[in-house]
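In the two complexes below, subunit A is the common chain; its partner is subunit B in one and subunit C in the other.
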Partner chain A sequence: MTAKRLRTAIVLAISAVFLLAWAFPIIWSVLNSFKTDSDVLAYPPKLIFSPTLDAYRDVLFGSGSILPNLISSMIISVGTTVVTMLMAVPAAYALARLRFRGKKFAGFYVLTTQMLPPVGIIIPYFLVLRNIGWIDTYQGIILIYLSFSLPFAIWLLVSYFEDIPFEMEEAAFLDGASRLRTLWRIIIPQVRGGIAVTVVFVFLNAWNEFLFAVVLSGNTVRPVTVAMFNFVSVEQTLWAKLAAVSVLAMLPVVVLGVVAQKHIVKGLTVGAVKGGGRR
Partner chain B sequence: MIGRGQVKFRDIVKMHGEFAALKGVNFDIEPGEFFALLGPSGSGKSTTLRILAGLDAPTAGHVFIDDKDVTSTDARDRDIAMVFQSYALYPHMTVAENIAFPLEMARLPKASIGPAVQDAARKVKIEHLLDRKPGQLSGGQQQRCALARAIVRKARLFLLDEPLSNLDAKLRLETRAELKKLQRSLGVTAVYVTHDQEEAMTLADRMAVFMAGEIQQVGTPAEVFTQPNSIDIAGFIGNPPMNLVPAHYTNGDIIVAGRRLKTAADLAGEREVIAGLRPSALRISPDGLNARVDLVEDLGDTAVLDLNCSGTTMRMRVGDHDVPREGDTICVTARPQDIHLFDPTTRKRL
Partner chain C sequence: MTSFTPTRRTLLKTGTAVAALATFAPAVLCQARAEDADLTPYKSAKIDWQQTKGETITVAVIPASYFENLIALTPQFKELTGIDVRFEKIPPAQIRQKSVIDLTSKTGTYATHAADPMYYALYAANKWVEPLDTYLNDKSLTDTAWFNFEDIIPAWRSANGINGKLYGMPYDGEVTIQVYRKDLYDAKGLKPADTLEAYVANAAALNAPNDRVWGAALRGLAGAGQNMYIYPSIFREFGGDWMKGGKLTVNGPEAEAALTWYVDLMKKYAPTAAANWNWPDIADAFSQGTVASYIDAHSSASVINNPQKSKIIGKVAYARWPKGPSGKRTTSIWNWGFPINAALSEKKKKATWLFIQWAASAETQARTAHRFAGPTKRSGVNRTSIWKDPDYIKLMNGFGPNFVEATMDALQHDTDVDWRPRVPQWPAIGDTMATTIQSALSGQATVKAALDEAQRRIEPMMRG
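Right, the complex of A and B next:
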């Protein structure tokens, strides 16, 4: 009994250390976002302070409001997610189901796009976008995001489609359904979990993306990850405002994570168990 | 309704790469018939059903339904309903939605779908389960749901791919009887795939016996049982299957294990044959083959004996009275008309 208790205590202690390491930056940001700039820089750090919403008021409604940037981020992320899913679902279904020439090659190609280091392709992407005049446009950034979210989404979805037995479709065909209707009415409802997981990942990747955004965006389209750096300058860093923006930028992610938590956990384990099931 | 669901298979070949799954299959199914495709696994019976359903395309040959060539017609345009071995129920839909699905696809007005679903569910006695999801049903209930989905549309052909194989033994017997009644009451043509010869014997009006990608025999269960036309069928049909023993034939008699038995054959001359004797056709008599009883399997109302007739092993079925004991030596014989003769080289019936 005591040995069991001891083990539980050790497990809890280790978990607590990891939890703290992960949670500390978040807690620190949230605390700082409610401080004044002088409180942020106070040494030793003040744990008890009079909270203020000044930082939030400034970053949302002040002269350098980041509201347009939050909206930009939202347009880019939702746009990327919608277009990705519209293309990835049929593509993954085809890779999982249909027999066609070059299927193996297509599957491998999808995977290889994940192996390139982003830094290596950022200059060519910049040149391409500049030549077609899509720098600092929504379509430009969404197009570039698609180039890595689409292969990832397809790769993730294929294993979910492969889990559905062939007889499902055969039964639907015999019941008089066309292939599109079968996909829509029979197959997609059964991979809902996988689709939810994919949506979350694609959205998060687009929302958090910084490297491509900083190169390919400009004054018209500037996502919040890039805009945040307005608060860091050579002379000073506006820590309270920076913290407030980070908290605001985290909110949609946290909401999405909570909503989709059940699906994510289930989806990740499914993928983990049968990751090798791909033909 | 009557007169629908006639099927003709003409020289159907199915190749999987180099392997011939079907080597030229021909048969006809009459409207309203309960037709079984019987054979061991890998014999091509399921492939035949899939080609009939339109789920697989034959490499060569033609399929006719109601005298129309449907070889290249899509499965969904063939007006065929099918019950899968796995049932293939749609797990995200309720039982009612599952049954309604084929009607929805046929674009029936909503007002007529409800009553049709009720009607189909009542026929298979699951009307109290309509709001459940398939995952909440027992195996037997799932099977009925799959049946209801198949019969709701009144398709011209009703295909069943080993529908009873996932049920336990008792339920299988009950469902078997109900299936037969259901098919009779609907008057629909049914094609039934099974590896269980008892199922085929009890359900089918006629059956085709598959062996290694070919049909070996087509006929009523009684014909196939009493007149098996090859050694392979004789060894497959019947439980336990027919005893097949090498014998020497001379002018109507055969010599088995050194003893002479009379047969009904009227072939002239002498030759080597394979003699087929059903376990139930063997009987104990004062004279005949001497046999030692090696093993007695008591089945309650009958018993199956393993016999050793001077080196030749045979099995025999006896009634529950006067069962010999293990180690006894008995004398067995068979009536002339119960002795089947086969050619050892062509393996065909003589």
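Right, the complex of A and C next:
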């Protein structure tokens, strides 16, 4: 009994260490976002301080407001996610289920596009967008984001589709349902979890992307990841404001995560319970 | 009793409305700020400011107050010349990357950009930017007497020139100087160091980590503009020569002595974390009273004197770089300059030159510095005459004793155009040196091994 308790205590202690390591930067950012710059730098770090909304007021309504940038990020991320999912779901289904020439090659090709280091393709991307006049436009950035989000989404979804027992489809076909109808009515509800996971990842990648954004954007389209850098100037780091922007930039992702969580957990367990099915 | 329970829909609605309001508010404010300004000082120049009227140029700058002040004055430039200027603010690391992409691809996106002086060798070798002498000597474009090019800090002019030709016009710059806590130094009867040896001795005398005071701090973070901004000064002061017999050499005996000094100082008397500090971190630590002295950009004075952050206002004084064993003092030569993109049309090049001439002129420099209406005044003006202006000196002396003297001495006597190796391969060399220096600072490699590794990696770059 005591041995068991001891084990539980050790497991809890180790978990607590990991949790703290994970949570510390977030807690630190949230706390700092409510401090003044002099409180941020205070030693020992102040846990009790008079909180202020100054940093939030400045970054939201000050001269360098990041609201337009949050909106930019939202348009880019939602746009990328919607287009990606519309194309990735049918593509992944096809790769998982249909028999066609070059299927193996197509599946592998999708993966190889993920192998190129982004820095290597940034100049060609810049030139292509420049030539079609899409630098600093939403369609331009979304197009480039599709180049990495789409293969990733397809690759992720294929495994979910493959996990669905073929017999389910067979039953639907026997009842006279068309392939599209089967996909929509039978398959998609089964891979809801997988779709939720994919949506979260695609959205997250687009939301957090920096490298392409900084090169391919300009004054019109300027996501928050790029704008955030204005608070780390060459002169000084504006810690409180930087923390406030970080918290604001984290919010949409956290909300999405919470909303999707129900489906994600389900998505992770579905395959496990039913087992097999992979062919 | 009613309670407010927002549905998802009402929440979304309010959210959108607030967001929309906030998006447009800054635009309204900006419009209200545009003001009429006296253009007479500019109109006394004997050139036609309106000769490229109607042009639009895009200028890339970094997010920094000295550029913000310039941006605030652009309505005056538009009124003077009829040229529209669009500014794009890009973080320092990315502005180099983005402008090089623009220049290699000859797309002419940025008419000019805030350029790193170490990049002119690369720009000039590829003819990506125009030699500015042509524009300076063109009577229709420049009133030589009015612009008074010779008034611009000589060290910055030479730093921005390759083989005697100017490629970027200095706009704002800095030099590295000694910054120290006068109260702590006085309490121990110490004087600001005159030699690198004395600097270490001072640091040793004041180092008291148990009381949370460390003797000194220098930038340790790996980066061409971080530890490779400090180390070259030490290297030159130890008598180092980058181009020994025409071959770039970074692992000679002077290099070993210089890096040993740097590593020892940091290990013994700087906070452990300083190996990863950039200069804002040093200034933050100093302003909290935990560092007794540092050697870094004179422009950091505004941060350590910021009443909202600093606890040591009134306790700071300044001095030049301590002398090295070679008897030399070597400060940094840094300035953000404006080149002209060679991929532009002739008319756009002229418009860009007019912008550069306006930005670098004594009048605009003064209007963005001591005569600027906003809260931040520039400490990096490009004009010797302004550094002699009593109004400006009075403002700068607010930073503490000997600030103007130390800065001017550094600018006039301690600069050395070969402070860093000025070769087209610099971007890659700077990064390589930076990572190897950090491996020595963090104790992963010995000084000798780090320098040999740097030499081994740099040699193929110089061949290729």
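As a working rule, the second predicted complex is superposed on the first by the 263 of 279 C-alpha atoms of A that agree within 3 Å, B and C clash if a C-alpha of one lies under 4 Å from a C-alpha of the other, contacts with A are read in each partner's own complex, and residues count from 1 in each chain.
Just so it is clear, a residue touches a chain if its C-beta (ideal position, glycine included) is under 8 Å from a C-beta of that chain, and two chains touch if they have at least 3 such contacts.
This is a predicted model, so every value here is computed, not measured.
Trainee: Given the alignment on subunit A, is it a clash or a fit between subunit B and subunit C?
Mentor: Superposition result for subunit B and subunit C: fit.
Trainee: Of the partners subunit B and subunit C, which touch A:L174 in the superposed model: first, second, both, neither?
Mentor: first
Trainee: Does subunit B (first) or subunit C (second) touch A:T137, or do both, or does neither?
Mentor: neither
Trainee: Here's one for you: vertex at subunit A, rays to subunit B and subunit C, all C-alpha centres; what's the angle to the nearest 10 degrees?
Mentor: Taking subunit A as the apex, subunit B and subunit C sit 160 degrees apart.
Trainee: Scan A:T113 for contacts with subunit B and subunit C and give back first, second, both or neither.
Mentor: neither
Trainee: For A:L67 in the superposed arrangement: first (subunit B), second (subunit C), both or neither?
Mentor: second
Trainee: Of the partners subunit B and subunit C, which touch A:S29 in the superposed model: first, second, both, neither?
Mentor: neither
Trainee: Going by the contact rule stated at the top, is it subunit B or subunit C that touches a larger number of residues on subunit A?
Mentor: C
Trainee: Should A:V232 be classified as contacting the first partner (subunit B), the second (subunit C), both, or neither?
Mentor: In the superposition, A:V232 contacts subunit C only.
Trainee: With both complexes overlaid on chain A, does A:T52 touch subunit B (first), subunit C (second), both or neither?
Mentor: neither
Trainee: Taking the superposition as given, does A:P189 touch the first partner, subunit B, the second, subunit C, both, or neither?
Mentor: first
Trainee: Once superposed, minimum distance in angstrom between C-alpha atoms of subunit B and those of subunit C?
Mentor: Across the overlay, subunit B reaches subunit C at a minimum of 27 Å between C-alpha atoms.
Trainee: Residue by residue on subunit A, keep only those touching subunit B in one complex and subunit C in the other, then list them.
Mentor: Overlap of subunit B and subunit C footprints on subunit A: empty.
Trainee: Provide the residue numbers of subunit A that touch subunit C in the complex, in ascending order.
Mentor: Spelled out, the residues of subunit A in touch with subunit C are 36-38, 41-43, 60-61, 63, 65, 67-68, 70-71, 122-123, 126-127, 130, 135, 214-215, 218-219, 226, 229-230, 232-237.
Trainee: Per the contact definition, I'd like the list of subunit A residues that touch subunit B in the complex.
Mentor: By the definition above, subunit A touches subunit B via 165, 167-168, 170-178, 181, 185-186, 189-190, 192.
Trainee: Can you list the subunit B residues touching subunit A in their complex?
Mentor: 53-55, 74-76, 78, 80-82, 84, 86, 88, 90-92, 101-102, 105-106, 149, 153
Trainee: What residues on subunit C touch subunit A, complex-wise?
Mentor: Per the touch definition, subunit C meets subunit A at residues 19, 22-23, 25-26, 29, 62-65, 86-92, 94, 97-98, 101, 104-105, 107, 109, 212, 280-281, 283-284, 287-288, 290, 299, 302-303, 306, 308-309, 311.
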